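Can you read through this structure? Questions will come right after.
Chain lettering (A, B, C and D) follows the sequence in which the chains are written, and residue indices restart at 1 in each chain.
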């Protein structure tokens, strides 16, 4: 791939897993170079000290956001915690293109944001401007956007399995269940008892059952796609593995029509693979990649169907999606830096 | 615990995981001693050679079934593969008490058996005699039984979460979904590509979605409990861990009434713990034990409820359940040898 | 096992993994009951809230040490952090029998303690009184002791592989290497980046190479056993698993004589199994148990031998050893509560 | 990277892990395309059926070796089992460039081969022609070679930590110990009891201690480098993880001189990173990449030093190394297709 120019990129919050994943992906991207990396609490350290797997790269030292010079930066990825992100972005130059990986700009309705996140939004003008970053469904808006909000990783997994069906009207809308399992890297690198190896390995359990915050995104996008309010049941579980999300979605409809709706919606998508009818995907087969595998299986009970979607939460679920969106915003080929095959085993 | 006598036990098929689990449990059982161990293909080896974690025990050498003297044996556990079991048991003395861990005697209707297992049953008289070994629901029958059929491990996990509700009539019967995840030890010790560490670890996927054989047990027991045909949707998934099954069951009803039905049904059960309403159990908290944890959580959508049940597939899901049944059949205290706390972490 | 009386036990620091392991083991111990559990920062909570795998037990609520009444307590286990332990124990009744699981009373020489732990010892009289808790080598002293210091878990693993050889004089003493690998539960339940599942799983690395604190114990015990200063090289590694330590010890001597020295030293030990010459043990085969497996293999180069020892760091490496010592101190059978077979798989 | 032409590649034995790894790497290689894939027992299947993580690629269907047309093939990778490889390669066109990943052509002395592999070599002329594929040490020979023998993955890990030291004469040669731990993917995809998840996870043990076949490669290369016979002690262990090898090498010498010898030897190597003196590498930080991390730590005992080397057994340990060699053989940039950063977490 030969590109006219190389864009200069900043990554704010580079000491977390999504920050490191962005660096990993950009490291071999032909059209981007990393101009600045920030991590306020680890400022002064090298990236190789914080993430030894990136030792071989020649990268700028970690700095603070305050001391970062954004004048020569074309695009910034914000991989900061929720709530921090809106504050930081509000203070950045208004001409800077931004892909935000937090939850701060995902919800269009400020009242809905306040209800799910427990406080008023502090940057309503930015929220109004932000485009929801589910690339395959907002591609044209993203191309023109200055600020793109990355989706929740669980949310994206569920949406790839339902948006085409709701748009095509091939399933009942009042009886949808999203049962989902996710790897622990989604919980981030901050030390928490619940993320310890001794607590996670050799075990499986549901968390935030029926009340997870990504429900806000589901409600927003599913209702929009269906043209009427849709309220799903959603139960995420924690898996004893690092990467990968798999959604098992229980719907009512006809398996063949459902499969056809996916085949149709995703026919030209470079990253979404629809499996033959009757096959189920596995998280391990998308690990470390930007690919999504979608499967459809008919239940023995007529009219009941299981839809399966899987993606890597750190790649297609956050940093890979963010890079895909950045490619669009910068006029680069959408797949640049993202075609590496999954790592298996 | 002081017992009048020590019963002599044979384990047929001792070289598999359920066989080893029986030995592990019986090793500290005050009322049983192991009189014979068989494993036709490993006959002549010591148990310590086949399972080094049992090296410290003084056990009979592995023999063949043919050469085993059953005259002094009080009870035999059959931990043999499906189909083999019915053939072997048909040839055993008709006075011998037997707990079978295979699928061979679980289904009361020979036609149903033939449909799900693909061949006619070869021991119809034994099938007629067998008692379904879900201890908490067939305790009195098991006490008097000569031949008890261990339940499927997935089947048991689902039933602990639904039988009390169907009996109490507190849920709708036509819209039940059992989403389940299980550790890989349930697939046994026979080398299979799909059970390799490289294939299982860091991954999660559904298998036999909507058509798993344990559906036959679900249909049989749920319909009996409800007094009318009940047909659930059932999707098992494989977890990257060795032990543990967790069922996430989606039902329609009132969460408080559902919770009360469990509290009522399991009030006196020594191995079943009903968690406070709103809490979800985890596989890791029952590992290596005979305990079952049951949780109930209300969905945000009124009338929708999630029930969670978890157990260890090798213990309460097979060998522990088998021992619990054997205790009853021999007139021993039901909990003998089974009260060890789970191993965590 | 019928015992005359049931001893009343307190566990100080019950909210960590070694505390939970003590509860797990004592839960089925015929001669002990738990009279008090403390965890200053979690006081008021139930043990089932802190460790859901212990939900089925009827246990006292967690309290503070200050509010604990020790008058009816026969023996206390201290599962507190290093340095805290000496302070707490100094304030306990001087008549109370104590098994300490910290590093505070392991080193006989206060100067050595100060050098390795970076501060003066605060309870020198207690340190003078304490007996080193490696049961098999200090059994008689432990029987008569009021205060027993549990060994380091890595230290114990190395010592089981070297003490009999140094005592028997069958190896060279100036060229000993202990290469060791340990599960992550040894790092405790406090949240630390390095103990996260995402950091530990699918990875292996050395830590504190050549300078780990357990070297102080090695120096003390090996020199004593050899009757001359012995200084080993010791490199521990972190394994992507929860439980288990395996030491690979490189020595110079004759394999047959070395094997014979082990067979001789451990002939009557209930928990130490010497494998046939040429066989290597595995951590998984002692998981959750108080057993130690010892193996000896001759290198292809004459005069070089590998010794392997493995144990479960939470059981024989700390809480199981502590219970074994408590049994001796209370006049109970040494193996009471400790004969459960390992959990595999 | 713009290349003049695209070379046509065949992969023989594409249904194993090293075959799949080659496909993964070549998928984004700018100068290679896959012309043929063989797997005799899976002929007729698509690569996506055998390895679903490669579903997104447009690849030739798996065929047999016999039916493969090698006329347009520039280079073949042989990822076949030991012994099979020499038979297959003997029958291939003598003009075809070949990188063999088996053990068949690693040993220069046929007598040594016969001793370690238990049978006479069947293609002595090819063995005479083959170049040992440890790229950094045989780069010039590999450039000119027609047939290159990939090294053992354990062997490579040990050699990266010792060859520069033996060449520089900075360590004693008669007292070297290589303690090594490896992930289970090195055992391949063939179902074996010892590779099952239930057998591997949560456990660690040594295998082939003191007698592993890679000793033959060590003897050959170390003696050559030292200019005198060198015979090391070597103990590999199996880790509960899929990818990664870490060698802990115990040597006698001066840590600073040893570190300097590495810095010197690897100064211009694109894939070998020497860590600052005193730091230890981890397998997880090279996962999925062609990088090698080397660390040096001084023991507390003067004159004793630990050297640590780590690499990914499927990448730098076999398929990545093979691709690096193929790049040289075809006149391509050595790093083409190999610069992807490691996948962490």
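As a working rule, a contact is a pair of C-beta atoms (placed from the backbone, for glycine too) under 8 Å apart; a residue touches a chain by one contact, two chains touch by 3 or more.
Treat the numbers as computed from the prediction; the structure is a model and nothing was measured.
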Most remote chain, CA-based centroid, reference being subunit D: B
Chain pair showing more contacts of the two, B-C and C-D: C-D
Separation of mean Cα positions, subunit D and subunit C [Å, integer]: 40
Centroid distance [mean C-alpha coordinates] between subunit C and subunit A, Å: 45
Centroid distance [mean C-alpha coordinates] between subunit C and subunit B, Å: 35
Multi-chain contact sites of subunit B, meaning residues that touch two or more partners: 17, 185, 198-199, 201-202, 240-243, 281-282, 284-285, 287, 345
Interface residues, subunit D side, partner subunit B - complex: 17, 184-185, 189, 191-193, 195-202, 240-242
In the complex, subunit A residues that touch subunit D: 2, 17, 20, 23-24, 27-28, 51-57, 185, 201-202, 242-243, 273, 275, 281-282, 284-289, 291, 293, 339-345
Residues of subunit A that touch subunit B when the two form their complex: 175, 177, 179, 181, 183, 198-199, 201-207, 209-211, 215, 231, 233, 235, 237, 239-244, 246, 248, 250, 280-285, 287, 297-301, 304, 306, 308, 310, 345
